[in-house]
Every structure is written in C-alpha cells, then in structure tokens.
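You will see two complexes here that share subunit A, one where it goes with subunit B and one where it goes with subunit C.
So, the complex of A and B:
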C-alpha cells in the first residue's frame, strides 16, 4: 500500500468525488491547493465520511477528526486538501524509535 | 405593570420575533421600551413606541453581505459585527437601563452588550435566541474561540466574579424560537435554562401585492427564496433554477430574486423582488431556500417539505437539522447544476416521506406557544427582585 503524498492525494481525490457524487465534481480539478470550504463547499458530514473512508483504507485510526477538532477557526476556514494530505502522510510514518 | 427593556441588533430576523413578543406585552398593559438603532429600524417599530436610539453613539454599518460563505461568515459576524458593536453599546446601554429602570431586560443573543449591562446591574433578563445554531456546542477549539471573544469583552467591563463562559445566554431564561425536536440530541447544547416556544410568527409585516391569478390550478407549486440578505448576492443560483424549471413545465415556481432576472425566466417561473411569503406558503407544495431559520420554521409550520441550499451564518446548521429530521433535501448552493437541480426538485415533489416528516414537525410547531408564550416567560421574570434572588450563576468554565 503506497503512502507517498502523491498516492494519498490520489486516494483523497477519488474519495471526495465519490462522496460528493454530483456532476460538477467529476471534472473539478482537485489539487493540494483546493480548499474544502470555499472551493468544494463541503459539508462537515461529508468531511467525516471522507475521513472515515481514508482511515478504513489504511486500516489505521489516523485521528483525522481529533486533528480537525484542534484547528482554530482561521485554520478551518482555509483548510486545504494539501493540509489533509500532509497530516495523513505524517500520521502514516513509522514512529522513530 | 412591568417595565420591560428590549434590545436587539438592527437585523430583520432578530427584530421580527421581538416585535411579536413586545406586541403581546404591550397589549397586556406592560411598559415596553426599545434600545435599538433607531435610524436603521425605527420605522419598523409600532407607532408611539418608547425608543432609546443607539445610533447617536454608534455608527454600526448595516450588515452587508460580502461574498463569504460557511465558517468564514461566522468569524466575520463575531469579529467584525457583533463584538465591536457590543463594546460600543456598553456605556449607552448602561445609561439607558439606569434611566428606564426596567423590571426585566429582553436581550437578543447577538446583542451581548445588553446581556453584560443586565449582569452588571443585577437585573433579571431573558435571552431571545432566534436560531437553534446558537445553543449548540461546536468543536472544543471553536467553543473556546467564542468564549475567548466574550472573555475579552467582559474583562473590560465587569467585575471578575461576574465573568462567565457564555454571557450571551441568560442564567434566568433563554427563550428559543424553535422546537426542541429540531436541534434534536445529536449535538450537545451549551448549558442554559432553555424554553422552546416555537416560531414567533410574522406579525407586523407589511402587505405586498401579488398576482395570485398567475397560478394554474393543475400545477405543482414552489417558492424559491434565498432570504433578504442573500437575494442580491449573485445570480448563478437563480439562473440554474430557471434552467432546471424550464424542463419541468408541470411545475410553477415563484422566485424571490432581482427583478432584472424576469426577462430570462421561463413561462413557469415568476420572478419578484418582494413577495407575501406567508400567504405564498399557504399555496405552494414545497420550498427551495437558504435554510434561514425563520423561513424553515414558517415552511415546516405549514407541513411543507424543503430543499435547503445553505450559504452562511447559521444556515448550514439549520439545514442539517431539517435534513436529519427527514423533511428536507440538500442542495449545494454554489455548485448545483441544472441537471442536479431538476432531479432534486423532482425528488422533492415525489418523495412522500419528506412531506410526512414536514407535517409531523409542522404539528409540533403549530402547538408551540410562540410569541404569546415568550411574553409569559418574560412576565414571570419581571416579578423577581433586582440582585437578591438571582439564580445560581453557571460556573465559569475554564477558557483556553
């Protein structure tokens, strides 16, 4: 199972498209700069579904929701796909001994 | 006879419920006074009202609707509107309260200046909560952010022992213009002595002309409205709805939108910039709206199912409540395409469970005591003495 940032982005993009599941999202360009709030108009319930799917995929409690609940209002407003990719990538690294 | 001082921000959705409650109190012979931005909303108060204008000291701009959405609008509302206004209102409101000497103050939840004055003077007071989004906890970080905003304000004005986590919610009574089953139990509530009275209903609105003979007897009828704040925001949403409805000739829709859009409207869409909303709701089969709290309660009161396309402020929270209650479908305001809009409208009109759940909620809403019930709650407080019999203050939760 690949855990490179590129692979995480590809997985996340696919989960966003299947969760939103509307016509516009299928051609919508999703990249590291894409913001959940402004660019995708994602509902919080959809974010939770996407997070659950990612965690199920990696067979791992990545703590995405706990990470999110520690975000300030300013961070939440600007939260991007890249922020989530970075977090997941970090959470998947083996702990240094 | 009690002396009752109302203070509300100059926003229609907050003023209308207060007007309905004050009507009941005045009719019972109580002395009602208003501390409000008289230049902005004075013309909406009943004739011969006792008004203490707040605008002499305050140049609070009308809340414009910048093109922000979601959480960004919540941040803007606190940081740029409610809290700066509260700070400027403390001294004038204290002077007004000392002059009028009310038995009870009635303070809108987004007029925290009034809440702090009542607390400082030891007056009994009630909070009027015009949206169920305001009584729910959010994430710990967001709750701490809100508390932090209020903390700074309180520290500059109140003795330390009077400072609390959420000064906007009265320890006497928090009157919520909704029913308990709408917020449900999914999300924890902020601690406060809530009284759910249901919608205040729309007393005091001005009459609006409408061409009632436009409706065909055999059509399915919709009302499409994004409310007064977002009506003039941008036209994309309305254009998408018109494109969808052009493919649904059996449906007739009244769309509250800028008049300029009328030229593009298909024959089954009537564009009006103002409508008699309550009378229209008595005629239609469904509603497409922004999930504004008042519009949602008014539609549900008539058992109407909804499509909710939330944009800002409390709308995403209210939208989620009515979707979870089974009476509404979601629409993504800035993204919806004509094809998705058409499918959603068809689902709205052809899914019987939506109407069943809307009628269930409507029954509860119609049973709620409304503005009359709110007036009774306020009168109960008016007999409490100042200071001495204050209920136990909620303990100050630790603020990060």
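So, the complex of A and C:
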C-alpha cells in the first residue's frame, strides 16, 4: 500500500468527494492548500466519516491515536488538506515489505 | 463506529447539533488507546436516517441496545457516557437493564426534558423562528457559515417540524424516584456550573445512591466548552490513565 504524500492526497481527495457527495465537489479542485473549513465548509460529521474511512483504509498501519487524539473537531476542521496529509504521513508506521 | 480495543465504552451525543463528532477526536480517539469506544449517530442526527417518530426514551434506548448487539456486546456490562439527551437515553437504558451497565457518566443530563429541553424546542415555534435562532445562536456559536449553516437549517427544520421529536420531548418526565434510588450502577454526574440544567444534576445526586456530582466551570455544552476538564473526569472515573499522543512533526 502506497504511503507517499501523493498517494495520501489522492486517497484523501477521493474520500472528500465521496463523503460530501454533492455535484459541486466533483469538479472542485482539491489540493494541499484547500481548507476544510473555509474552502469546503465541511460539516464535523463529514470530517469524522473521512477520518474513519482513512483509518479503515490503512488499518493497523495508521495509529489513529497519533494523528487525532485530543484535538477538538474544530481544530481538525481548521486544518488544510496538506496539514492532514502531513499528519497522516507522520502517523503511518512503516511496515516491512 | 468502533475504535480501539479493550473494555467497551459507548458514548452518546446530545440533541439537534450533536452527532458522532461530539466525542470523536477529543474523547473517543484518546480513550481508544486502551478501550473499545463505540459511537453512533442517534436517530435523526448526523448520517443516520430521519424517522418520523421514535424520539422517546424507550425507542432511543432500544436503538442503543441494537448498536451494542451489532457489536456483539449486548450481553455484557459496558460503560455508557452520554451528553444531554444522550445522557437521558443512557440513564433510561441503565434503569431498564442495570446489569448491562458497568458505569454511567451523565454529562448535563436535562431531566426532566419536558422542563429543560421542551421550552427551547417550543421556542422554535415555526421554521422561520428556528431559522432566526440558527442564525443568531447556533451558527454564531459554532462559527458556521454558508453550506454548513444551510445543512444545519435543513436538518433541524426536518427534525423539529417533520417528526414527533417535539411531542416526544414534551412527554419526557423525570425518571421515577424509586427507580433512581434503587440504581446501584456507579454514576458520575458532570454538570456545567452555568448550565440551566444544574438543578437536575443536584436532584440526581440526591437520589442516585452511588453517584458523584462534579461541577465544571462552563454551561450546558460541556464537551465543547470544557474539553480538557471533561476528559480528565472521564479518564479518572473510567480508570483510563492519560495517554500522551506521540509527538508528530509539525506540518511544514
């Protein structure tokens, strides 16, 4: 399973689109600078669903404790897509091939 | 949603603007280092469907049991944490089947709801009044604009005016005193010092034989208003040593 920042961004983008699931998001350009709060106006429950989908995708490779713990949902929604990519990348434990 | 492994904790959110996000990152994630934490969107909330009826405590406690059964936990005692309406559901579940509840945490439980909750629901007497309230209070407090405010408006309008919610809450009396006095489940009552519901906390503390009341310096929305203090109380009462998250590199 690829854990490069590019692969994480692609996964995240796909999850954002499928979770929001409205017409506008399908054509909306999502990049590292995109902000969940200001640009996507994501609802807190949508962020939870995206986080859960990412966790499910990476399974035990991703320590959810490491990347979400203790942060309020408002702090998380205040992140950019790039911030979240970095968090996920940092929390992914390298596994032997 | 189930996070982590260990002795199970089920967490219930409050009415109207609550959903799994109430507990998810600030509480459920850290607790899941040592416990299995279960979250769900209660009926009519978050990603759950909006049924026309069934917002009474019996139906909602049935939902809770269905979730536990889904995760194969229906036959053992679990810790149950609830905020506001979620706390009333948790308490109702404990009174119906005390053997299925290991410990109970009631966060600003507004008992009786017909007194503490109904006025604010009735205050939103029409979709227009509700809409104004969302603009002036809810959205302002949560810093919502645009798309999120519209979605909240749609959801609450449907919940308030297309379901039996308001009628169900109007019928929600206090739990019978004798039943409360007989409930031996260890219970933590966490209330906001400035919450309109604090009298309910004092009443429950008086009646429940195995309860402790903790007042925090906040209002009703304790999970959002006093996250550090509430988390400390939960970890203390549920005997979960605090876990410090591994330090991550700061985002560049």
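What to note about this one:
One rule holds in what follows: the second predicted complex is superposed on the first by the 74 of 97 C-alpha atoms of A that agree within 3 Å, B and C clash if a C-alpha of one lies under 4 Å from a C-alpha of the other, contacts with A are read in each partner's own complex, and residues count from 1 in each chain.
Here, a residue touches a chain if its C-beta (ideal position, glycine included) is under 8 Å from a C-beta of that chain, and two chains touch if they have at least 3 such contacts.
Model, not experiment: these values are computed from the prediction.
With both structures placed on the common chain, the touch criterion links A:49 to subunit C but leaves subunit B unconnected. In the superposition on chain A, contact is made by A:73 with both subunit B and subunit C.
Of the two partner chains, both subunit B and subunit C are touched by A:41.
Legend: residue contacts after superposition of the two complexes on their common chain; A:23 is shown touching subunit B, with no touch to subunit C. Using the contact criterion defined above for the overlaid structures, shared-chain residue A:10 touches neither subunit B nor subunit C, since it reaches no partner. Touching more residues of subunit A than its counterpart among subunit B and subunit C is C. With both structures placed on the common chain, the touch criterion links A:92 to neither subunit B nor subunit C. Contacts of A:62 after superposition on the shared chain: neither subunit B nor subunit C is touched. When the two complexes are laid over each other on chain A, subunit A has residues 41, 43-45, 68-74, 76 in contact with both subunit B and subunit C. Of all residues in subunit C, only 1, 3, 19-22, 24-26, 29-30, 32-33, 41, 46-47, 142-143, 145-148, 151-152, 224, 227, 231, 243, 245-246, 248-249, 251-252 touch subunit A in the complex they form.
Interface of subunit B with subunit A (complex): residues 69-72, 74-75, 139-142, 145, 316, 320, 330, 332-337, 339-340.
On the subunit A side of its complex with subunit C, the touching residues are 41-45, 47-49, 51-52, 63-76, 82-83, 86-87, 90-91.
Residue ranges on subunit A touching subunit B, taken from their complex, read 20, 22-25, 37-38, 41, 43-45, 68-74, 76-77.
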